[in-house]
């Protein structure tokens, strides 16, 4: 048996009073894809940071290629062949793609020379290898989020690492980009490297992983092979979910609703050049959940931004409750009863330094605080109400948003918009990076809201979620709405076909 | 071309101003006064180089004027004590590095905002110097001025030194890993950390480098005249920041280069003599300086607004 | 962990509480050792002399809370003072309308800053660095640098010395300013949005709050306050000259930061700012009364030096605390750790 | 929690007010308690226009000499930069500090008069030196030279140096410096009245910095090729302008005169770059100021006196309420070695 690439024994790490890791053991062998599973807050990110040298563990033993390592730094981890693709691209926005790749791959000797041409060539070949169509001299701040993710992957590949850690690499990738990534992962495996793969999408894990380790509350619960030697599946989704949450989750998606009511939103040929949205016509009725599917970059988030007035429409008509409206700013959208739970929770959804009650009241200032005077009692009551209604785990309405886990932050973000009592709720990737338990809770909440007569537009790249939650599924491609699928027509195949079909 | 739009447009503005002078005040181009004017800008140039580095890492240092005065007095006292110029350079470098290290320590290791740290050290150094020196000039021995060379040779030497410092720093920032680390840290310090760069060390190093450059600048100032004025640093921090900003160095880090800052400095430094040559009253100077700074940033703002959605 | 934030120890270690403690120590020391420090006349002096800077600091605070900065207020004070002189002397306007026009111009200058910062999304540091030069330059250009306006209306000048209910007029202005800003920042949704903008402008925008309008407001107000300070200054000094308020922007920033407002935005308070002003004003006044300092004749330099040092200590104190506690942890963990660089 | 903090601050303000108005009755100890005639140890407060300025450092030296001689207490303070607001502040602080006499070099003639009158109301004697306030705000002005006398001396000397014809330029400290603006006024008046063939081509500020003065002079020299004379009226500007003239190779061709200290200009005077430096004996000014302040404080010098016996300076005449130090000196390369300040 070969030496494992990575062996962690009884690793522990605390931040102040919080014990993030309480003795985690983990092994990665060459030529293996090892999935790491766990709810948010289970300790996956901390574990990764221990392995990449970003955090120093308080106790336990870390062995890399059979050698015990102490005082690991990011530089040293790199030298020892560990590369990591983080969830949030850790790139330099002001620098070019080739320089980004260069800075990550070259040794950080201060007086070392910079070979610009070699950098460019290397970047070019790496980008080509993962099939990304990005010019190496483009500044990173001109790239879209998935493109940045691809650059990250190129960095990890380029480092020639024997151990590659991928933290939700597909979160913002399009389907075709995902396929390329899977090919890269398989390639790595074939070349004898080890891959630690983290994802909330279980189907990816079944498609890729050889073994699975489940973390819960800072402890490693178990490590299991995905397939037997003969290639049969040895694990079921239900089993995995149960291991992660430690309890039974009965139905993954709540049952769908009754027939929808009146038309709430009606779009006719709405276009926005700046936002890459062209001639979209769409109707959403009260009590209906409309799933908005498509590849990333297909214009879904952009359409939401048009509706919310962040990038106002150039042409076309928007009717809300039968009235023509022109939405020029988020302020106006809120006044019209439109709510938008954004995709990027940490940047747009929740202000991490502010108490959650203040976060929840932000969109209802005029309603909650008539005459612009703050009323602290009313605000606190609002906070308490939603903490209870949505089951937010926090010590109270004064808890800063940043002290909550991702799923709970998402609930705070949702609470802010429910407080406005909107007529139209737009959810953008509502469960991205949310653990399984919180995910099904959020699904239940969304369904309840629809039951109460809210019109819901849900953008999601998670196909099972779109299928499970939506009453009707609209597919976008290249800024246009290309299909509207309902009932038995709505299948994973038909959605993907619509999303991918060439003109 | 597009990447250097800012530098080129500032250079164009400078060219325009110079052309204006060529038409309306041709005697601006007499060689000896031109040489003197350029020489006089060398200390500020050196400070601007340091400020560019500091701003590239997303920091700012407004204590450089006070540091400059202190270094100049230290170097002056060493020289006045009859020691060699090398020794006074060493003393100035030492004093500068020490003050830079204090700023750097507070900013990098204590995580304090640089604008406030340097505001505090600016006041502290300036008042300490006032208490110590009481505004007295320091008379220097004969050999110090122009390094003991003839005047023209000394001026040429000084300009060459300044420009080679500029070129050297430009080279380091472009072609040495350490230089790129400044951009990396200024662009995103967390990403830099994950790339194995130590942002604290880089930040600390940049402030120390700034201090060392202040020492160099003080000596560049020292050799230009037979006396040291302890007030010589007053207001230099704003000149250096303004030059860097006009030259396209971004206050929030990661963007800009020393050539741009150099052109920015030349533009700002030409305004004052231009007013004299065009016989515009002196009391317009500050207003025009402010207008140039605003025009530079507004042009930049309009341009980036047009480009980004 | 979040609970720990609210423990008694942490409340005691809060910046403002520490500052009040420093202020208390200053006062106790000066009462004990400085000559005639505790007299009513002197207290009046302290307030009268810090009114303009105090107002500027109050105006600066919300600007910094939104994550911005306004370097132009000192220069704007100079411009407004000169303008008031021009209006009353050269244009022969009566005092009241001239004052009104001056305030309007201050507001307009603040609006100019606000426009460049919000509509063009330019960094406030650079915009106000530009207007810092521009406003002072205009003041010098208007007066050709040399002109000094004197002989204002006696009833206007009497404001410089006036007392109501035994309290100097300047104190009333300061109280008015503090109340106004206290209510604005701490009790209205506007103040709340300054905070959220300071923490995250994008996040605030996504909550349906018009970030640009809200960001503009503190700059507008700081323009207005600079004009008020200019009038007060003119009344107290009995003259208007282009150099009024030179360097006041830095003093105001010092007071604000000393008062616990984060230069990165988001946190800050009026009472902290007031304590910051008081700490500086008391230090300035008291240190020149300590017999040893009096004898050496170094009051002004020492006061400035101590202000710088106080600011440094105030800044470094939490860091030093953190390092000490890290040392304790490190001994337990046997591993180094460094604070993260802050990023705004 | 937020609200309670706000309430606390609301409460703090009124309590501060109470403190202000309650303590009002307490007298400012030590001020104005001396009865005239009886010799007692006086406390004299002495304020320059700005500190860290070699001119006033020399002044302070002379003042301390007189203090030693007379056995009085000296308080010395002033703004660190020329800042009129700070001068008022210090005067008002001195009132509450309790001094017997104040000697002030006023940056701001009108502006400071209110504060000085307030001091007089409290029984504190006020004298001014170097630059005056309004006459009703002080008892005596120790006058080293009147602005008019100084302006005329400068202009006459400039005219002498360039043969009463040609272009000249002025370097001043800042465009807002009050006393220099006063001098400039008299220079220009004298120019218009007596020297029609001379022309003032430009006036430049040097921010009280030598290096800036040097740059400005370099520009002036090349922008005005016919320039015959530079007049530097603030002390750092004289050596700065001298260096510029020297570097331009115009030593002796372009004449330079100014107001400055001999010690800072000795080398240039000897090299023939600077022709004349005009100044009074600065230390004597400080000395005389303290002598006057003491005499006024002791009550031995009263308004209406025609002469004043000023220690080692001997008997000086009093014009109205101005005590004249004597004519300014013109230093040149022949006599500069006799002075050590």
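To keep things simple, chains are lettered A, B, C and D as they appear, and every chain counts its residues starting from 1.
What we mean here is this: a residue touches a chain if its C-beta (ideal position, glycine included) is under 8 Å from a C-beta of that chain, and two chains touch if they have at least 3 such contacts.
Nothing here was measured: the structure is a model prediction, and the numbers come from that model.
Visitor: Any idea which chain sits dead centre by C-alpha averages?
Guide: C
Visitor: Between A-C and C-D, which chain pair shares more contacting C-beta pairs?
Guide: Of A-C and C-D, it is C-D that has more C-beta pairs in contact.
Visitor: With centres defined by CA atoms only, which chain is the most remote from subunit D?
Guide: Using the mean of the C-alpha atoms as each chain's centre, the farthest one from subunit D is A.
Visitor: Taking the mean of the CA coordinates per chain, how far is subunit A from subunit C in Å?
Guide: 43
Visitor: Just give me the whole-number Å value for how far the CA centre of subunit A lies from that of subunit D.
Guide: Chain centroid spacing, subunit A to subunit D, equals 71 Å.
Visitor: For subunit C and subunit D, let me know how many angstrom lie between their CA-based centres, rounded off.
Guide: 31
Visitor: Please tell me the distance, in whole Å, between the geometric centres of subunit B and subunit C computed from their C-alpha atoms.
Guide: Centre-to-centre distance between subunit B and subunit C: 28 Å.
Visitor: Would you give the residues of subunit A that are in contact with at least 2 other chains, written as numbers and ranges?
Guide: 398
Visitor: Indicate the residues of subunit C shared as contacts by at least two other chains.
Guide: 140, 143-145, 186-187, 298, 301, 304
Visitor: Could you list the positions in subunit B whose residues touch two or more of the other chains?
Guide: 127, 130, 188, 190, 282-283 - these are the residues of subunit B that touch more than one other chain.
Visitor: Which subunit D residues qualify as touching subunit B in the complex?
Guide: Spelled out, the residues of subunit D in touch with subunit B are 51-54, 57, 80, 175, 202-205, 207-211, 214-216, 218-223, 225, 236, 239-240, 243-244, 247-249, 263-264, 267.
Visitor: For the complex, give me every residue of subunit B touching subunit D.
Guide: Touching subunit D from subunit B are residues 25, 27-28, 30, 32-33, 36-37, 40, 127, 130, 133-137, 139, 151, 221, 224-227, 229-232, 234-235, 272-273, 276-277, 279, 282-283.
Visitor: Note which residues of subunit A are touching subunit B in the complex, please.
Guide: Touch residues, subunit A against subunit B: 52, 54, 73-75, 78, 84, 86, 90-95, 99, 102-104, 106-114, 116, 274-275, 311.
Visitor: How about subunit C: which of its residues touch subunit A in the complex?
Guide: Answer in residue numbers: 1-4, 6, 186-193, 195-196, 199-200, 202-210, 266, 333, 335-337.
Visitor: Enumerate the contact residues on subunit C facing subunit B in the complex.
Guide: 69, 116, 120-123, 125-127, 129-138, 140-141, 143-145, 250, 253-254, 257, 262-264, 298, 301-302, 304-305, 307-309, 311-312, 315-316, 319-320, 323, 338-344
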